[in-house]
Amino acid sequence: MSDAAIRVEHATRASRIGMTLLALLVVALAAAPLWADRASLRLMGEIFTFVALASLWNLLAGYAGLVSVGQQAYVGFGGYVLFAAAILFGVPPIAAIIVAGALAALLAVPVAALMFRLRGHYFAIGTWVVAEIFRLVAAQIGVLGGGSGVSLPAGVITGIAATRAMREYIIYWLALGLAVLVVGGIVLLLRSRYGLALTAIRDNETAARSNGISVMRIKYLVYVVTAAGTAMTGALIFLTKLRISPDTAFSVNDWTAFVIFITVIGGIGRVEGPLIGTIVFFLLRETLADLGSLYLLMLGAVAIVVMLFAPKGLWGFVADRFGWQAFPLERRLAHKP
Amino acid sequence: MPDALLEADALDVFYGDFQALFGVSLTIAPGEVVAVIGANGAGKSTLLKTFAGQLHPRAGTLRFAGEAVGTLPAFAMVRRGVALVPEGRRLFPSLSVEENLLIGAQAGRPGPWSLQRVFDLFPILAERRRQPSMSLSGGQQQMVAIARALMSNPQLLLCDEISLGLAPIVVKEIYDRLPAITGEGLSLVIVEQDIVQALSAARRVYCLQEGRVALEGDAKSLTREAVSAAYFGV
Amino acid sequence: MQWVNAIVQGVLIGGLYALFAAGLSLIFGVMRLVNIAHGDLIVLASYLALVVVTTLGLDPLTSLVIVVPAMAVIGYALQRLILNRTLGDDLLPPLLVTFGLSVIIQNGLLEWFTADSRKLTAGAIEVQAFQALPGVWIGLLPLLQFAVTIAIIGGLQLLFYRTAFGRAFRATSDDPSVAQLMGLDTRHVFALAMALSLAVVAVAGVFLAVRANFDPAIGPARLIYGFEAVIIGGLGSLWGTLAGGIILGVAQAIGAQIDPGWQVLAGHLVFIAILAVRPQGLFPKVQG
């Protein structure tokens, strides 16, 4: 048997079914303005932004081992770039989302250079300091309202589309598009040669390093890509909120605590995890929202219990039991027919 | 007082899913010196780690001084009188020589060994007592590791590859001290890849091969052929 | 004189930051654990002192007699029941679990005590001050707190390098599996280290409560100040941590002197500058 008779297969039967279902789901969701009311559209839009944030954090922490508790830095940065671009330079909001991503990527390069000097766990707190610096600097920018924040002028909003309904549709599609882009991009990244290296780093960093994988370069890449994606999501989030202030833009609870709990509960280090986690998170929130701070407290407790007793999360629990995978990420050797 | 100080019966030991020992049975009498020999990966270190409580048998029984100890953690084994000199010496780098020795006495067992007694055994350590442990030569570090284990006043001392990486003259110096150690009545298990060294020091020998006992007997009565057959499995 | 005064006050508040940092670097030293809930535990100690002061009518400084042992017990139990399960080669579990704890403590305090700002009053000592230089007044309470910080750091130094207790900590830090071979139950040693860390946290929490207003949300910032003091001073050196705390305090005081909005930011910028030019910190532990 020659080497040529063997090829690498990614897909399994389960993942083929999973991909087909997902594709149908995306089509159905894209058509949501036809079948959903406005409140549902708004809720789904919010869900998509959390899918994006959680998937990005999962890539960062679950695959590259960069446990950041400071991603709110990029959420807030993206939001502020959108507001600054729209208010100060008259950039259309949709273009400003892309500008936010590009600027965040540029900013992430020196930030990563500094943060990667912190050993192991201290990296986490370092990222938090960066987010605090961003917040304090934002509070110093007078033209954007300083500490009390600023609203998006009406002209910018009406510039998106003339009717309110159309604006809401466009923002909904942007959120859906961003979530698909982020999750799809992560799947493609993991299927590339970087993905093999990332999986190796996730499973055993020392072994990956001794196999000649440039762990540092891949971590840089992931950090910068994640920063860009997070900032774009942040820009979109604050486009829907129409108002930004340093405390909401750089909130550790909203943009990091929730995101970490979503990922841990769903299953860290797996692409499906953040998707499952987001659904669970919103189901809980819709039923327990009245509890206020108790809700966060319970979420924290659930995340700790999951981390201690089912560290692969809900999806890991299911996937291990039934051998499921929704995305064609596995590599297995198969004979060519 | 039971006849055997340590009694292992049909031990199966695993590292995760990998089985390293298969039904190993072995006894050590009080005051006895036993050598465990075998090729690389035969399971010698695994056996010592099991005796010391670092690994736990999945099947079989392990008794020490008549008590079933197969599930006890390492710190509890030291308190009962089993001390391990780990492979590679494993001194505490941020502790001085003397501190390394004092930490050996942490288990708080009474007995003949004290700082003064181990300094008598290895006088060079008294000279170097204030130095950082890693500034010593390999042979001196090995002396610290042995002395550190003695400080717990064990009934059973387990030595894992104490000659590894040392010059022959240093190895001889260390092995020359063993009678002074066993003179105090403790039992000694020596794991070595160097068969000649092990056979010269021990009264009885066990030879492991791929996780099983391939041969056991008196060190004096074993023939070279029998040992090499058990060692290499030819 | 305004500037001299700012620097003197900065040094004094820096002592408090060093106290935040000491507990943090202690557990990092022994078990390589970074406790993200550290700042929230400081605030928890402040609230514990509040409860003790209001229910027993004790003076805040006297409340230490209850708060310190109580926090030590909490620390021991926390380590034994939860954190010991997270230790291993993987960095994720301890970080995520302590992050979860941080959120739980913050929201628990919020639920129990509301978001209102609190402060403990220490009575007469609070307003006593003496003039060190013309125009430079030093409060008795900040001075006492600074002296206590020095005593605690000196005490920890002695404990670590001169006692059997400290020897066991250092050995466990070097090699936990061989420490077990010496008869040390590492789960117990780790729990003792956490108990000690939270005892220091308790002192920090009480001083925090008498020096400034506190509410359930201020924990993370205390964690960050402590962390910055550790990194500026250099890992593994307790006196370096004291110096790091003082530098941070002085930087904040100078920042505040320039513009009140720059107080905290100036401290962060000094931290970033140190990380950029001297990532090992100003006074790293001398090896060997």
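Some notes on this structure:
Letters are used for the chains, namely A, B and C, taken in the order the chains are written, and counting of residues starts over at 1 for each.
The rule is simple: a contact is a pair of C-beta atoms (placed from the backbone, for glycine too) under 8 Å apart; a residue touches a chain by one contact, two chains touch by 3 or more.
Just so you know, these numbers come straight off a predicted model, no measurement behind them.
With steps allowed only between chains in touch, the distance from subunit A over to subunit C comes to 1. Looking at which two chains touch through the most C-beta pairs, you get A-C. Using the average of C-alpha coordinates as each chain's centre, B ends up farthest from subunit C. Our note on geometry: subunit A versus subunit C, Cα centroid distance of 33 Å, whole angstroms.
Between subunit A and subunit B the centroid-to-centroid distance comes to 53 Å (mean Cα coordinates, whole Å).
Averaged C-alpha coordinates give centres for subunit B and subunit C that are 44 Å from one another. Within the complex, the subunit B residues that touch subunit C are 52-54, 73-75, 78-79, 83-84, 86, 90, 92-95, 99, 102-104, 106-108, 132, 134-135, 148-149, 152. The residues of subunit C lying in touch with subunit B in their complex are 164, 167-168, 170-171, 173-175, 177-186, 288. Across the complex, subunit A meets subunit C through its residues 61-62, 65, 67, 69, 114, 117-122, 124-126, 128-129, 132-133, 136-137, 139-140, 147, 252-253, 257, 260-261, 264, 268, 292-294, 296-297, 299-301, 303-304, 307-308, 311. Within the complex formed with subunit A, the subunit C residues making contact are 28, 32-34, 36, 82, 85-86, 91-97, 99-101, 103-104, 107-108, 110-111, 220-221, 223-224, 227-228, 230-231, 235, 261, 264-265, 268-269, 271-272, 275-276, 279.
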